[in-house]
Amino acid sequence: MIGAGFMGVAHSQGWRVAPRFFELPLQPEMSVLVGRDLERTRTSAECWGWSEAATDWREVIERPDIDVVDIVTPGDTHAEIAIAALDAGKHVLCEKPLANTVAEAEAMTDAAERAAARGVRSMVGFTYRRVPAATFARDLVAAGRIGEIRQVRAEYLQDWLSDAEAPLTWRLQKDRAGSGALGDIGAHAVDLTEFITGQSVSRVSGILETIVSERPLLGESSGLSGTATAERGAVTVDDLALFTGRLSSGALASFEATRFRTGRKNALRIEIAGSTGALSFDLERLNELEYYDATAPAEEQGFRRILVTEPGHPYVGNWWPAGHMLGYEHGFSHQAKDFVEAIAEGSAPTPSFADGLHVQRVLDAVERSSNADSAWTAVD
Amino acid sequence: MIGAGFMGVAHSQGWRVAPRFFELPLQPEMSVLVGRDLERTRTSAECWGWSEAATDWREVIERPDIDVVDIVTPGDTHAEIAIAALDAGKHVLCEKPLANTVAEAEAMTDAAERAAARGVRSMVGFTYRRVPAATFARDLVAAGRIGEIRQVRAEYLQDWLSDAEAPLTWRLQKDRAGSGALGDIGAHAVDLTEFITGQSVSRVSGILETIVSERPLLGESSGLSGTATAERGAVTVDDLALFTGRLSSGALASFEATRFRTGRKNALRIEIAGSTGALSFDLERLNELEYYDATAPAEEQGFRRILVTEPGHPYVGNWWPAGHMLGYEHGFSHQAKDFVEAIAEGSAPTPSFADGLHVQRVLDAVERSSNADSAWTAVD
Amino acid sequence: MIGAGFMGVAHSQGWRVAPRFFELPLQPEMSVLVGRDLERTRTSAECWGWSEAATDWREVIERPDIDVVDIVTPGDTHAEIAIAALDAGKHVLCEKPLANTVAEAEAMTDAAERAAARGVRSMVGFTYRRVPAATFARDLVAAGRIGEIRQVRAEYLQDWLSDAEAPLTWRLQKDRAGSGALGDIGAHAVDLTEFITGQSVSRVSGILETIVSERPLLGESSGLSGTATAERGAVTVDDLALFTGRLSSGALASFEATRFRTGRKNALRIEIAGSTGALSFDLERLNELEYYDATAPAEEQGFRRILVTEPGHPYVGNWWPAGHMLGYEHGFSHQAKDFVEAIAEGSAPTPSFADGLHVQRVLDAVERSSNADSAWTAVD
Amino acid sequence: MIGAGFMGVAHSQGWRVAPRFFELPLQPEMSVLVGRDLERTRTSAECWGWSEAATDWREVIERPDIDVVDIVTPGDTHAEIAIAALDAGKHVLCEKPLANTVAEAEAMTDAAERAAARGVRSMVGFTYRRVPAATFARDLVAAGRIGEIRQVRAEYLQDWLSDAEAPLTWRLQKDRAGSGALGDIGAHAVDLTEFITGQSVSRVSGILETIVSERPLLGESSGLSGTATAERGAVTVDDLALFTGRLSSGALASFEATRFRTGRKNALRIEIAGSTGALSFDLERLNELEYYDATAPAEEQGFRRILVTEPGHPYVGNWWPAGHMLGYEHGFSHQAKDFVEAIAEGSAPTPSFADGLHVQRVLDAVERSSNADSAWTAVD
């Protein structure tokens, strides 16, 4: 695994726990953790369960005892590492966003396709697809349980920038973060919409907005946090993205990604209205799915709160008895399981790099639309 | 109508509004309002829409132009007025509780039965039965949609006595109010349980509790409110009633009536678990009914929030289009409508005085059980 | 009152009930109901409590005994009636939308301003402002309880067109209805946003969408309903409107108006995120307001469900005791009360015709933006 | 660890994960798993991460390289193992219920006290105390945030026996399971009440009920499941327990434990009403706590939904960023962490065996009360 931040913890937990709850066809071995500082990486490796620590990812991906490379570094490094790893014949799991630019994502997708021809697998980490309620929502749509899709609302609401005095971290600087709410969380809303509906966004119209345009500069800091100083600098990414997309069936989906929805901590929500039913999901209540069956008698229709904790629900049977809740991290075990199974079976795991590229293209089109007075802009 | 307090307003609104939304076989005329003080009663009569004001109820119930007597006085006066009115051949609607004692309620029921033999109708005002969601719940149970009833939880939660310095009004004195939470709101929980399940409570075990036993005495006051003084007096009614009842089918129902559930303002709630489904209702969200269908596939089961505002729901079609909410007072129009229809048809309206008597007997049994170390006590 | 449809019932109920619960400085008398068919209007007049029935509105507005004209006819007739009534010196309450076109609304606003100079009052019927929870939300914003407004989400979700075989009524024809979801329900979302935030929408970008473009023609019918035939006709209004608006402070508000959100019956929802708090309201739970106080310690922050049924809440003290629910129709009593009070005081009631005109201009700008590839379009 | 059922998985996950997220003063080593069948135990040991497998627990607890014994066997074996382990000088974590009888629990508590004198620690596994929302609730109560406790409602609702044809497993037989819903889940409701309130139950009145008294016998089976046969046998434990308890402060708490509340899967709920506030928790939404502050202005009071996922909440800071959900199993890591810390510090971990004994005594008193016509029965 390359990268040693918060996402590294989540992926480590996924790799470590998956084989204990799922019967995997291959046993993952957690070999090498690659970070920037050897000492710190050693500590992390030990803590998270990796056998070795290293600082040179190029060396590691050449090692013959390494089969899988898991990339959890910041987005601007994904392309270089992933392409090198795929070319070295390693299966690659790459955290989202696939890359910071469409060009990089295209190069990665090319590499993934070349690799696939040699039986080398790749996958991008839109983990929320693997929350059981989300997977179950996809299954219900696929089974025709809500009929033809009429419209979609997808939003990812957070509020951690509400405080105008929160400091100007690298995540608020375009050259380092690529984009703001759009790429960081809007990407999840797009992917989840496409996953559950089975359709893709073809055209968009939207606006990106920076709500607080100047923030205190950080003083010297180590790590993610730091102390604000008296000086101020410009926020160069979006705080809020509002856009509408046209799905392949012609239906409209409206999107919102924001870090300013005071009181909403991690509300990735999607509601899908169909001709014979509807579905509603909120990541803040990730063990629940609301389902509306419009074919019931009018007097008996209503959104029903399904606790997605029954043995028959996706992934759930391998965990605890019915009624016992799962959390954020379980999606990473599901991801690890599915990726290992695809490698073992020789099948193509999803979401593929091409899926990740497509999401990047949607985000890029939103940015272009925003720059063009919200004109409808094709995704390509 | 005899009585001119808050309940009088609600009943007046019911009588006035019902004929405008429902096609009634007979047109109610709002003739005389009877109160204690002529001047004040005149003002109320005018405000609430009664043609005349009077102070002597005996005189009024003898008037040949009066057909219906609606009693909304305090409980200790119900028996005398209702019996006199029935004996005078007037149809009687009597607000709950039917009476303050079982003996009085028995006398009233006797009078009601004598009157019924002469075609004179009587009804007791458990209005919450006529909230559309409650009536619809009864219909679902009757149609077998939750199967055999396994257990019931019914509670009426308020918090207006949470403040230990709230003054000692007449409602907290046994000689005037009869009982506390038990009779005032517990009666509703019992009636609603019996109404929706179609069963009656035959035996009970329970405890009555006074949580704050002394409160400031009221100084001179006019009306319901008044100023607390430095002196204190004893609270002689229950603040909290907890009891369990055996239903006619053998199932257990557990009850709670309290004015100390901080944060709950008017939460009359009932949840009924059956062999093939369940129902859940809360008066704080009176336009909703939650229904659980346990015959659906396990993965698709969930409590569904039905908005009971469809034209096909009980009473609803005569009000607003689907999706428009009703409020507290609409039950009083439904009550007026049903009572007028029963009179016109010559059928027996429900809940009857016998039903009201039965509820009194349940409450009385709870009190006796509480005095007997919570021993199981027969209702009779 | 001119007009005898469903809105007429609601307004009649407002006029009839308001003086019984509020002490009004002037007593409204319900004189004449004007409809098209004399016989039918007579029946309605009697049922809803009007003394007379008439068919010629011009005659009625000239009558010296008429002080107030309440217009509840379809939108295309508002301008002519309202202007005539104002010019005749009658106070005018006009149901929303103020008119079907901006030009008509402008003429009406001119007339209203002329009339105001002579002490004649006018008001447009955005009743949802007067749901206590909405008024209370406005009060909290005005008191600075959520700080500076950062972003707004407002949506009005219905689903009564989800069935693709629902017939082509006049509401789906542009020449008669003006617009679809946009004008009918989107107007409420815009007005409520402006009311609660105290700001106005200055520019918009959006799209109008017809989801089901052909529907069965109606056969001969009387009244609102009718039987579908085998022939089909084109739906010429929008089923769904998605737009973003720029508020006067610079904040963005995103809007949705739809009749295709399966499972949502009457969900007028607004959520306002501020720098120190947030508010969330849903008309399907109209007695509740959710408030988030971001100045509390981080561990104690949360959306709190306020039951807006306390005596201290707007309008509530005149109805029932705390914890007793109000319904859809109560807003009409509040509207009647406020209008009568403004007339008596000689003050300008709100929302004014100018407010109604402004909403029309916002809707018009949305339509123009939709026709211009969602380009940002000034409201003017 | 002794025992290899479902609880063994949860405890293993706790031991394995805790040291990766919390800085522990001592590093737990997962040495030996003890089961009945060596082959099967070996497989489990490997899967769950234990170094060795064994079948003779007596041998294992004598091993000098073993410091801690974790007991997750059925309740009837707890006493013998725990006492032997404590006497052998091993720290003991024992899954709830502490024992099947009060006598056994007393002997265990004696052993624990003897051991404590020698610095040997013991703890009983009421894990739900360590759900962050529950711990936070305790903290709020302790900080006086709801004032004086007025009344408590605690319930543990499940529905897995709703199906009358579900087979007669050992859990429905008194000689093997001790009791039914009372001991299995009612114990949690009692412990959580005592933990959060800081008070203990001193007297009880209640009833135990078997709703479905005969069920199909199991045919030959391996493991937990099996096939129902045509024969039927008697259910000898309770399906439903309803009881009221007197807390040390004098307040009443009402309890329900049931496996027949159709639609409720794992609803351990507690609501505590205090003189200045209230708290409400539901294990089905374990990342949330509802808090009501009755000292706010009346118009602004409401239950607020706190997402207990902030860094400042108990245990939460060591997991994921704010807004990321935890699940069922995280409590087991918290338990492991707290137990290890207590051992390292030489302090007494809670809940102690004495706490577990007290819960057993409460359950025993409920059973005696049920047999004595629900008479109030002292806990001792």
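For clarity, chains are labelled A, B, C and D in written order, and residue numbers in each chain start from 1.
Definition applied: contacts are C-beta pairs under 8 Å (C-beta built on N, C-alpha and C of every residue); 3 or more make two chains touch, one makes a residue touch a chain.
Molecules present, by chain and UniProt name: A, B, C, D = Gfo/Idh/MocA family oxidoreductase.
Predicted model, so just to flag it, every value in this text is computed and none were measured.
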Reference chain B; chain at largest CA-centroid distance: A
Distance between chain centroids, defined by C-alpha means - chain A, chain C (Å): 41
Distance from chain D to chain A - Cα centre to Cα centre, in angstrom: 36
For chain C, residues contacting two or more additional chains: 292, 301-303, 307
Overall pattern in which the protein chains touch one another (line/ring/star/complete/other): complete
In the complex, chain D residues that touch chain C: 136, 290-292, 297-307, 310, 312-313
Touch list for chain D against partner chain B, complex: 146, 150-151, 153, 159, 162-164, 205, 207, 209, 211, 240, 242, 244, 251-252, 254, 256, 258, 260-263, 271, 273-278, 280, 292, 294, 301-303, 373-376
Interfacial residue positions of chain C with respect to chain B in the complex: 6, 10, 12-13, 16-17, 20, 47-49, 158, 160, 265-266, 283-287, 307, 309, 320-330
